[in-house]
Amino acid sequence: MVSAILFYLFALMILGGAVLMVTRRNAVHAALWLVVTLLGVAGVFLLRSAEFLFVVQIMLYIGGVVLLILFVIMLVNLDAEARQPRFHRQWLLALACAVVVGAEIVYVLLSGLEAFRLAPAVTAVQTGGSTERLADVLFSEYLLPFEIASILLLVAIVGSVVMAKKRI
Amino acid sequence: MSEHLLSIVLFTPLAGMFVLLLLPSSNRKLIRVWANIAAFAGFLVSLPLVFRFDRSAEGFQMVEKAPWIPALGAHYYLGIDGISLLLVMLTTVTGFIAILSSWSAIDRYEKQYYAMFLLQQTGMIGVFLSLDFLLFYVFWEIVLVPMYFIIGVWGGPRKLYAAIKFFLYTLAGSVLMLLGILTLYFQHHAQYGVYTFEIDALMQTAMPLHLERWVFWAFFIGFAIKVPMFPFHTWLPDAHTEAPTAGSVILAAVLLKMGTYGFLRFSLPLLPKAAIDPWIVHVMVGLSIVAIIYGALVCLMQDDWKKLVAYSSVSHLGFCTLGIFSLTPNGLAGSVIQQINHGISTGMLFLIVGVVYERRHTRLIREYGGLAHVMPNYAFVFAFAMLSSAGLPLLNGFIGEFTILQGAFEANRVWAAFAVTGIILGASYLLWLYQRTMLGRINNPKNLKLPDLNLREWAVFAPLLVWALWIGVYPKPYFEILEKPVAQLVERVRPGYFEAQAAKAPLEAAQAMESRMEAGIR
Amino acid sequence: MNFLDAIWLIPLFPLFGAVLMFLIGRRLDPQPERSPEALEPELAEAMGEDAGQEHGHHPRFAPTRRLISWICPGTVLVSLLFSIGAVVQLAGLAEKAHQVILYTWLAGLPFHMGDGAVGRFAADLGFLLDPLSGVMILVVTFVGFFIHVYSIGYMGHETGYYRFFGYLNLFVFFMLTLVLANNYALLFVGWEGVGLCSYLLIGFYFHRKSASDAGIKAFVVNRIGDAAFILGIFMIFALTGTVRFLDVNQALHGLSAETAGFGVLSLTALLLFVGATGKSAQIPLYVWLPDAMEGPTPVSALIHAATMVTAGVYMVARSNALYSLAPETMAVVATIGALTAIFAASIAFAQNDIKRVLAYSTVSQLGYMFLAAGVGAYWVAIFHLFTHAFFKALLFLGSGSVIHAMGGEQDMRKMGGLKDKIPTTFWTMAVASLAIAGIPGFAGFFSKDEILWQAWSSPYGSKALWAVGTVTALMTAFYMWRLMYMTFWGECRADEHTKAHIHESPPVMTVPLTVLAAGSVLAGWLGVPKAWAFLPGSFHAFEHWLEPVWVAAAHEAGQGAHEAALEWALMGLSVLLAVAGILIARYLYVQRPELPDRIAEASGPLYPALLNKWYVDEIYNFLFVDGLAKGGGRVLGRFDQAIVDGGVNGAGWMTRFASAVSGWWDTWIVDGTVRLIAFAVKMISYPVRFLQTGFVQQYAAVILAGMAVALGYYLIK
Amino acid sequence: MLYPITTIHYVILSAALLLIGTVGFLTRRNIVIILMSIELILNAVNINLVAFSERFQAMEGQIFAIFVIAVAVAEAAVGLGILIALFRNRETVASDEIDLLKW
């Protein structure tokens, strides 16, 4: 019962934050609403017993990415932005497409509802925290992707440094 | 080490290229020296091929096979026989000479220039060595890219137009060729249930004549554009006039031979019924004869020196295709030897234009006149190249043309009668070119101070001169190398050819006669 | 020293000389920094240098040049000695043929012969010495040596001295290869080689455009003949499966003569003959020989009188087995020979350039040789070739000495009265003129008279051929002595400057003249007519010597009915006509010098026709060079060369017109379609371009729309 | 239907988040907001991954979520780098004013 309430709470945080982020005129407000959404998502991770992801989400995403975005917003001093129209000329066409796709997804979900009526999530016996299990699988089968991810991050760092420097 | 000889020959230039890329581009001298070393190494590595080649063995030698894309049934399958041996040797020699000749001709982006050349070397050698259709097709495409850049970056005024035209024209052809390959590929699967691109496997596919004709036409488009045969030749003059000297030497000496090699390696053995089909043979021979006469005629009215030499290659390769489609042993052997000769003599002619272009930076024949007074050595080398190209006996041109004409004569006397006019026109446009540029009085003050050939230029010409003389005076080894592969080709296309009667004077008997030196027979 | 086995060395000596000249020639004879005549006159003025005249001033030459004048003639002398040794040893052999095969040169592959058998397309580098080639190598080396000696003097003041001797030696090498070859393929190598050397030597003064034009004309016209020759060789391959003379003769031995129309044998023989007409300047392809006079005189003597032009006759004689089996072609050979003889002789009447007269006289004499070969008397053809080599070479060298004396002047109308100024040249040329006219006692009489007798008596011959031959004999005597009287008799018509400079040529030139003069007399006595049976056997040596070469079939044809009385009568008639010709010439050009001009006007169109070589060159230019394109608008009259401007050769302008059309066709139609496709692709691309607005989010929206459509389709299906 | 939270709820939640992210991405002019919308979409994906990882007791879901985050971070970093360079040259961050890349 408690988890249901928590779920709806987090859902509300996520969707509310998302909608408000998208509609805010001021970029800083949008960033803050993004933080709210991310916290909601972190909560969902906790609900689904993915503690490691919860921590990663908090530290990495909120701590890292949103902070970076805030930095950039400050660098790019968006006060002039506030007075300009938020949505560009073709916003109607874009909205229409999004609505159509949304309708299709809902239709898919509804038509295929019974496919999801699986046996309720049987809670397997938890052999130790999910983080150890995560670690065992991660560093055995998926070692190579892990290394490649690290290289990807390195490239991203170098890329963004080069991009942002005045003179290379 | 020795059983991977072919791979070594194939990838030496590529290795040279990678090392070249690591060199600092500021040090121009080091780059040029290294490029020459890499090219010469490519040549040295190909020498053991000649010594280890067993002339009496049937089929392919020094075969290397490794799975490449198992899913498609494509193998890394290399092999060599008489025909591809000669062409590989031509590639390595002209490659080295082309790189040596562009020592002072190229002044910007040397590193990329030489890298392109070495990449091209590997591509070309790959085409001649691969016995797997997909591998062949890959190398066939690889060769286009460096030549596109060589023409496009270091070319003359209209280089972009020429480069794009060259690239798209050949690409269109090779796409159709790919269609042919795939039809063969699936046809083979339909009959044997196994997907493979190997040539000797594909040879076993029995196809109805009409299908064989269609595949032949698909191959024809791909190879004819490359040769180039008559209606598809308009890219050649543009590509040649705009390419830098070394570029047009490689283009003329080797790239054109990929087309004729394609006919010899793929069209004839894989589609024997189509190759002997009278309707196709008549079209092919008709186009070749038109190419011979048409090419020579157009040469007479050119005022651009390089364009003239380009059209002369159209005429010479008309002879080669005539030799191929006479489908007689002499025709085929003559055609391969003529391809080598064309590589040598036209390579020399382009180098000669390059020498003068470096000094005067113009290709118009009107600009030159009476150079024999100022540059006697140059005049001698030009005369030698001209005579070798016109087919004077004791030089290489004659051997090729004489054997091709004999093959054509044996196939159909009327063809030989028409083709023989080619040697008359050939002599006339070359002599007229020689007169307009070399003889007569000097009428242009700029021609007074032209320096004669320097040592490096002599080093570029010397190997070609010696090779031309060697083929002219003692062509026997070439015929011996070609005897077996050509016999196989003819046997496949004309089944009962050799059994007609025991050969009247087989090669061995001729040697026997030769040993009785002093026999005074009546 | 076994000369017979060393016959393959004979051609190599001159080759050694030629290669030496090409390699170290420039060091031995350093050329001046820029030879005076290298510059265009207007460029020369602009450069402030005096425009170089040909023989004006004599540039100084290095002493090492003398070395060249020893090396090159030396090599030919060694070849001469070797040849004499070989021929003497050959005479000792029982069966007169010795073949030395070095290696298989052209080792081709098997091929289907005419009758389906599989032969091997192979030709070896082999040399054959038999009486026929024996005679030829003696002629080539003997006459060649003396011409080399002569050119030391003649070319003494020319730049490019080493180049001249290099080409000359190369020529002797190719000629000896041609003559000594044991198969048609190697003969063809020599055939084209001499063609190349004639191109190089005619165009020796390459700063003169007319010289290089003449060189190209010679080479291309020869090439036309060679094309037919190649086809002939292939026919022989198809017929006999081999090209060795001995094997071909053996293979043909069995066949019977082709009486039924124009069979394969006749076609082969005709193709070979067309090749011969190209090389030996017969009717259709003789146009290059008169222009070949642009080359230095020793060249004309060696190549265009004694050796190269006779290659055609040698080849016909060499394939006598083939020709004797093809009576049709024999008739063609004889008629073309006779026609050429009379046609060239008529043109020689009106020529004023001394070398042109001799050139046409050569064409006419070659006509005689082919007439003899055509009627089956091959040994007579070779005998006439043998004697002709001596007196024609002498005439050319003599005219060279005259030109040398007159400071480069070649027009006979500006000569005259040189009899006492250059006595040796006069006497030697007189001997040669008597020989060519056919006066008894001199070489020409014996060989020409024998030809006329064979034309009359041989089964292949006919009275018409004899008549044409005899009339030509009269015309030959007339134009030769017209030349002699105009140059040596009467008063000197040269201008003061040249008149002062007239001097006798140095001994290095006059000695060869006297030797050849002796040859012109003695050579004839080797083949005395049968009617003079009273003379000992050695006088019939020539016919007897060549006997073994002829395949039996051809042999009987040569005999013919032999009535001595008839032969005496015909001989008397030809002598009478010769003397008459000389007297007419003397009358017209010595007693009444003004008469020829009056006759010229009186003869109406005949004289200008003769003067302009029956307009043959003009007709050739019009038909081939100018092409049919301008036919309509242009008046048929004479063109001067300026309008044609570089009409290179007989086929020049038509091919240039055809190539202009094909060039235009090539750039517009064939290339045009390619550019059209490119343009079409460009047109299609315009509408597509509007989608690319550069507005990133619009692309995203389009992607989303696409996804929506796909999803929708998937759901509905 | 509302009470026992089943996987379908999570799927609906992530679908909704995805839609909001897409709308934001497509309609907003300010590139920073666009970048943030992308983050939303990625988080929607993560929610799904984790939900199904829990549902099928397979850790691959979570592992993949980690990689998605890694990629998201890299993408954000580079995106912002580009944004700064763009802003320095063009003095604007409005996406519809940056349309040089057209024919």
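As written, the chains take the letters A, B, C and D, and residue 1 is the first residue of each chain.
In the analysis below, contacts are C-beta pairs under 8 Å (C-beta built on N, C-alpha and C of every residue); 3 or more make two chains touch, one makes a residue touch a chain.
Since the model is a prediction, treat every value here as computed from it, not as a measurement.
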item	value
Central chain (distance from its CA mean to the mean of all protein CA atoms)	B
Identity of the chain that, by mean CA position, is farthest from subunit D	C
More contacts between chains, A-C or A-D	A-D
Chain centre separation in whole Å, for subunit D relative to subunit A (CA means)	6
Rounded Å distance between subunit B and subunit D, as computed from the means of their C-alpha atoms	58
Whole-Å separation of chain centres (CA-atom averages), subunit A against subunit C	97
Distance from the mean Cα position of subunit B to that of subunit A, given in whole angstrom	62
Where subunit D touches two or more other chains at once, by residue number	22, 26, 95-96
Overlap residues in subunit A, where contacts from two or more other chains coincide	88, 94, 97-98, 101
Numbers and ranges of subunit C residues touching at least 2 other chains	695, 697, 700-701, 704
Interchain contacts, given as pairs of chains that touch	A-C, A-D, B-C, C-D
Complex contacts: residues of subunit C adjacent to subunit B	4-5, 22, 26, 31, 34-35, 37-40, 43, 46-47, 93, 95, 97-113, 116-122, 124, 185, 188-189, 192-193, 196, 199, 203, 206-207, 209, 212-213, 215-216, 219-220, 223-224, 226-227, 230-231, 234, 237-238, 241-242, 246, 648-649, 651-652, 655-656, 658-660, 662-663, 666-667, 670-671, 674, 678
Footprint of subunit C on subunit A - complex, ascending	88, 90, 93-94, 97-98, 100-101, 104, 107-108
Interface residues, subunit D side, partner subunit C - complex	22, 25-26, 34, 95-96, 98-103
Partner subunit A, residues of subunit D touching it in the complex	2-13, 15-24, 26-30, 32-33, 35-37, 39-40, 43, 46-47, 50-51, 53-55, 57, 59-60, 62-63, 65-67, 69-78, 80-85, 87-88, 93-96
List of subunit A residues in touch with subunit D within their complex	1, 3-4, 7, 11, 14-15, 18-19, 21-22, 27, 30-31, 34, 37-38, 41, 44-45, 47-50, 52-53, 56-57, 60-61, 64-65, 68-69, 72-73, 75-76, 78, 81, 84-89, 91, 94-95, 97-98, 101-102, 105-106, 109, 113, 116-118, 120-121, 124, 130, 133-134, 136-138, 142, 145, 149, 152-153, 155-157, 159-164, 166
